[in-house]
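Structures for review follow.
Next come two complexes, and both contain chain A; in the first it sits with chain B, in the second with chain C.
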Partner chain A sequence: MNPYILAILLFGLGLGTTITFASSHWLLAWMGLEMNTLAIIPLMAQHHHPRAVEATTKYFLTQAAAAATLLFASITNAWLTGQWEIQQITHPLPTTMITLALALKIGLAPLHAWLPEVLQGLDLTTGLILSTWQKLAPFALILQIQPSNSTTLIILGLASTLIGGWGGLNQTQLRKILAYSSIAHLGWMILVLQFSPSITLLTLLTYLIMTSSTFLVFKLNKSTNINTLATSWAKAPALTALTPLILLSLGGLPPLTGFMPKWLILQELTKQGLAPTATLAALSALLSLYFYLRLSYAMTLTISPNSLLGTAPWRLPSTQLTYPLATSTALTICLLPLTPAISALLTP
Partner chain B sequence: MSLLRITHLPSGRLLSAILHHQRLLPSIIPLTVPKRAVIQGEYKRPGQPRKAKFPWKKINFNFSKGLEGIKKHFTLLKKEFTDRWVGPEGKPIVEHMLEQNRAVWEFRGPESLGEWTVSSDREIGGHSEAYLKLGRNNNTCFLYGTLSSTPPRDGETRYSGYCTMRSKQPLASFDRKKHHDWSSFNTLHLRVRGDGRPWMINISAETYFSHQKDDIYCYFLYTRGGPYWQDVKIPFSKFFLTHRGRIQDDQHPVWLDKVNTIGFTLGDKADGPFQLEIDFIGVCKDYAHTEEFAYEAYKRNPEV
Partner chain C sequence: MLKILLPTIMLVPTIWAVPAKYLWSTTLSYSLIISLISLTWLKSSAESGWSFLNPYMATDPLSTPLLALTCWLLPLMILASQNHTAPEPISRQRTYITLLTSLQIFLIMAFSATEVIMFYIMFEATLIPTLVIITRWGNQTERLNAGTYFLFYTLAGSLPLLVALLLLQNNTGTLSLLTLQYTPSMQLSSFADKLWWAGCLLAFLVKMPLYGAHLWLPKAHVEAPIAGSMVLAAVLLKLGGYGMMRMMIMLEPLTKELSYPFIIFALWGVIMTGSICLRQTDLKSLIAYSSVSHMGLVAAGILIQTSWGFTGALILMIAHGLTSSALFCLANTNYERTHSRTMILARGLQMVLPLMTAWWFIASLANLALPPLPNLMGELMIITSLFHWSWWTIALTGGGTLITAGYSLYMFLMTQRGPLPAHIISLDPTHSREHLLMALHLLPLILLISKPELIWGWTA
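And now, the complex of A and B:
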């Protein structure tokens, strides 16, 4: 892509999220979300490929619907209460509508159906931006509105963890697996939102780091399929050895970073008296763990059928930047001992 | 009553004459007229059958066929639910990981011919013929016929003389569209025995969302004739994009995760009989083939 256009689009992406972060008026927040959508559309469609066009169309339609619902809900709130402040939204009808609109924006179940197909049609870089950066602005709004109807949020959260776990079980395409993992993680974030927004923020940040490292691993291996992962042991053996740790961190196993949010969420849910919910969420994490383990099994623990003559290709240095991968992998694996410091940082 | 006599009727009797229109029937046009297309005739392309039937005459109600259809669809639906317990696409994940060759179409019985559609330029009024039958010992499929490049005389077609065999899109229960997922493979493997004619292989991917319904990825299949079978292996990176037969400038490789149909076309401007025998059509994974795309590999619009 022309570097000037790429710069403008990336600047637009950054500006949209920043506007949403900095806004206290609903219209400005909506504007930031729309800018994000419009800036990423050319990035998604840049390869002029039918599948990319399909992903772009689906993404645009869902995000535009969500933004329209958001606008409608904020106008309804302004009409009912006269308030345009983001944090002053108190009437239950606009609150529910905004929660559902933001759920459609980020891909929470039951409004998740677009996410696997959209991620499948994109290349890994744009998929990374979609899974990480595009979640920040809606979450900024979700964290501020403090929804009070516990039932909706619990249902959204549990449905997302279950659907994210079950949906990812029968996939062989890596991007669809990451989409379902994203849905499951978003479910965990929403479960604890009304009790402790700081834990939601913590989960979001750890999810961003873990997903970035996974996407970067797949980008380095240029793999979009489980079978392509199976040949990565010959190309990058050190990375092949580290990737199961990244995947298990996504699955939430101690002593890796991914355990930190799950532990804190289960603790908080139990404190609030929602032990069955906590049990159900923990059990659904097992489903996700199954497909992460399957990925590690295919990549590291087995050797794909090959001929001995073809075992050792030239291990040329990668043309891609490896600093982001190195940083995010280190953070994905080693951050659990810092849990007290991090929770102290995020709790106001 | 004839039209002339109706015009001379007093208005009261005219009304009753219209209401009792059965009496008018033999001599004038009936008052319930079929649509204009049926009477006057739309422009009918030569080669298309005349479809001048009233809508209610087109119903073909058959109770047992309906029951069979219901049984078939519910069986497919049950299979979809039970396949999920085994693995993606009904096969365990280990099989997906170890799979290097998959025979997608094998012609081992009469029901395998039902998955293919044969057409020729007879549909636009030409004179080519194409037929599909099972080959010897019910082991292969045999596509044969005659090409004739005489264009149909409809004033607008200039060239003619083609025939094609295209696979039907796989369908799930209740006629929902399914796709072939060949993303673990990178080569098309065919075993054919032709007569020396150059054929073209057309792969059509899912185009519902891109609105480019006629986007087809093509490559050539040069048959060598003779009594010996020919193993043809074509990597998917060699397929180029065409739209309605014209090669596009903006090329991209075919994405194999949603392939709808595969087809073979013959249109080599040589009149006369042709035949093509296909043993199987399969996909395989060639680990030694690392090319991603054979065309337009240079950077377009390089920055200077």
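And now, the complex of A and C:
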């Protein structure tokens, strides 16, 4: 892509999120979200491949619908309460509409159906931006509204963890697996939102780091399905040895970083008297763990000539910067002992 | 405490820095030195029971024998793995020993943890190196299934444990073992409290394993390479027993009624898994089921909450750890020569390897709990306390002892006695390494005859 166009689009992406972060007026927040959507659309369709164009169209339609619902909800709130402050939403009708609109924006169940198909149509870099950067602006809004209807959020959360777990079980395409993993992690974030937004922020940040690691690993190996993962030992042996740890961290196993959000969320849920919810959420994480484990088996724990699943790949010199991958991998594996520091940092 | 933990952590850079031809001898001697220093823990001096105290770790007479066993096992694992990893490239050998060492680090931290959440995190952390050892270095395709069963059975039990521990922390304000024994006992009466009780124990019962949740064990033990089988049988099962013993303090008074079905499962499991052993064709599978059988006795001993029960459980855990690991090493000597675990394929070995027969003999006698070995002491104390709890258990435990003797004899006769098959035409003679390995397993067991106080736990 022409570097000037790329620069403008990336700038637009950054500006959109920044506007949403900085806004206290609903209209400005909506504008930032729309800028994000519009800026990423050319990035998604840049390869002009029919599958990419299909993904772009689906993304545009869902995000536009969500943004329109958001606009409608904020106007309703202005009509009912006479003000446009983001943190002053108190009326239940706009609150529910905004919660559902933002759920559609990020891909929470039951509004998740677009995410696997959209992610599948994108190349890994754009998919990485979609899974990480595009979640920041909606979460800035989610963290600021004070949702009062506890049952809706818990149902959204549990449904997401279960659907994210079950949906990913039958997938062989890596981008769809990462989409379902995204849905599951978003479920965990929403579960604890009404009790402790700082834990939601912590979960979001750790998820961003872990999923960046995973996307960057797949990008380095140029693999998009499980079969091509099997030959990654020949391309990057040391990284292949580390990737099970990244995947198990996504699955939430101690002593890796991914355990930190789960631990804190379960602690908060039990403090609030929701022990059965906590148990159900914890057990649903086992479903996701199954497909992460399967990825580790295919990639690292079995080796040619035992698995001739992928054909001999071209091993061209890679121009990918390895610094982001190295940093995010280190953080994905080793951050658990810093749990008290991180949760104190994120508590206002 | 850090005198042992930090050297074990520093073993990891040592593994990667040492020149290739000194790798195995260096790691072996290093880990032997660590294990000899760990024996100093056995002399516990403090009045309160907790010694070698620092804010996060301590040892007491319950954890000390298990810690010494864990530290003792690392050199043995290294010794046992030297041969089968020899054809692999050197960096893979280094990775293998690093996995064994990281497992050791997590186990030391688990057994010496004073805070129950730290114990939980380390308990779970042991799963990852074990999973990698089983699925990457196992020899048959079934190892993937074994790894999955191992991971998911353990996690399905331990995730409710996490929720139960967090609930306990809300209730008592702390989860430090140092003070938890002094908190007043809780009013536990509702159905939710009974679910909480089950949540506290389920993880450890799956780990031990209790008959009924034991399906992961034969798979994992059989498919693992020798070091994996050794550490699984000797130490990882004991994590379950140790966890149960620690949790029992807080679970009063529900345990009096709620433990009935689990005691029955445990005792019935002794009989059932013992009987299965009599029909096994796979040697490692026989030893794995024998582990289930012994740990069933341990589980029953812990669940009845008497002092003899606890003491017997601890003694049996240590003795079984050494015996089972020795038996797996013996089975591995067969496997390395014939590349098969089928028993009838390598029979009558007394003709060919008579010195190994001596080790088979001692190990089989230990397995069937011959006096004066500590295996008998543990079994007898558990059987006696169970008899005191209810006269009827003698039918199950006595029958179990009989069946144990039966299959131990069967295993010995099948592998050692009888005619040598015609197809056995060349077997390597026994390496000195293998003799050393067996001696290092069975000598501590024999020495414990003279000072069993070391492994008596709190009643010492």
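Here is the rule we use: the second predicted complex is superposed on the first by the 334 of 348 C-alpha atoms of A that agree within 3 Å, B and C clash if a C-alpha of one lies under 4 Å from a C-alpha of the other, contacts with A are read in each partner's own complex, and residues count from 1 in each chain.
The criterion applied here is as follows: contacts are C-beta pairs under 8 Å (C-beta built on N, C-alpha and C of every residue); 3 or more make two chains touch, one makes a residue touch a chain.
It should be emphasised that the depicted structure is a prediction, and the values quoted were computed from it without experimental measurement.
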Examine A:Asn170 and indicate which partner it touches, taking first as chain B and second as chain C; both and neither are also allowed.
-> first
Does the superposition put A:His91 against chain B (first), chain C (second), both, or neither?
-> neither
Who does A:Thr302 touch here: chain B (first), chain C (second), both, or neither?
-> both
With the two structures laid over each other on chain A, which partner does A:Gln267 touch: chain B (first), chain C (second), both, or neither?
-> second
So, does A:Leu293 touch the first partner chain B, the second partner chain C, both, or neither?
-> second
Taking the superposition as given, does A:Leu283 touch the first partner, chain B, the second, chain C, both, or neither?
-> second
Answer with first, second, both or neither: which of chain B and chain C does A:Gln120 touch in the superposed model?
-> first
First (chain B), second (chain C), both or neither touched by A:Lys235 | neither
Same chain A residues contacting chain B and chain C, which ones?
-> 302, 306
Note which residues of chain A are touching chain B in the complex, please.
-> 2-3, 47-51, 53-54, 57-58, 120, 169-173, 224-227, 230-231, 294, 298, 302, 304-306, 310
Seen from chain B, its contact residues with chain A in the complex are 84, 87-88, 93, 96-100, 181, 183-184, 205-210, 212, 215, 250, 252, 255, 257-258, 285, 287-288, 301, 303
What residues on chain C touch chain A, complex-wise?
-> 95, 106, 120-122, 124-125, 127-128, 132, 135-136, 141, 144, 147-148, 151-152, 155-156, 159-160, 162-163, 166-167, 169-170, 192, 199
Touching chain C in the complex: which residues of chain A?
-> 241, 244-245, 248, 253-256, 259, 263, 266-267, 270-271, 275, 278-279, 282-283, 285-286, 289-290, 293, 297, 300-302, 306, 336
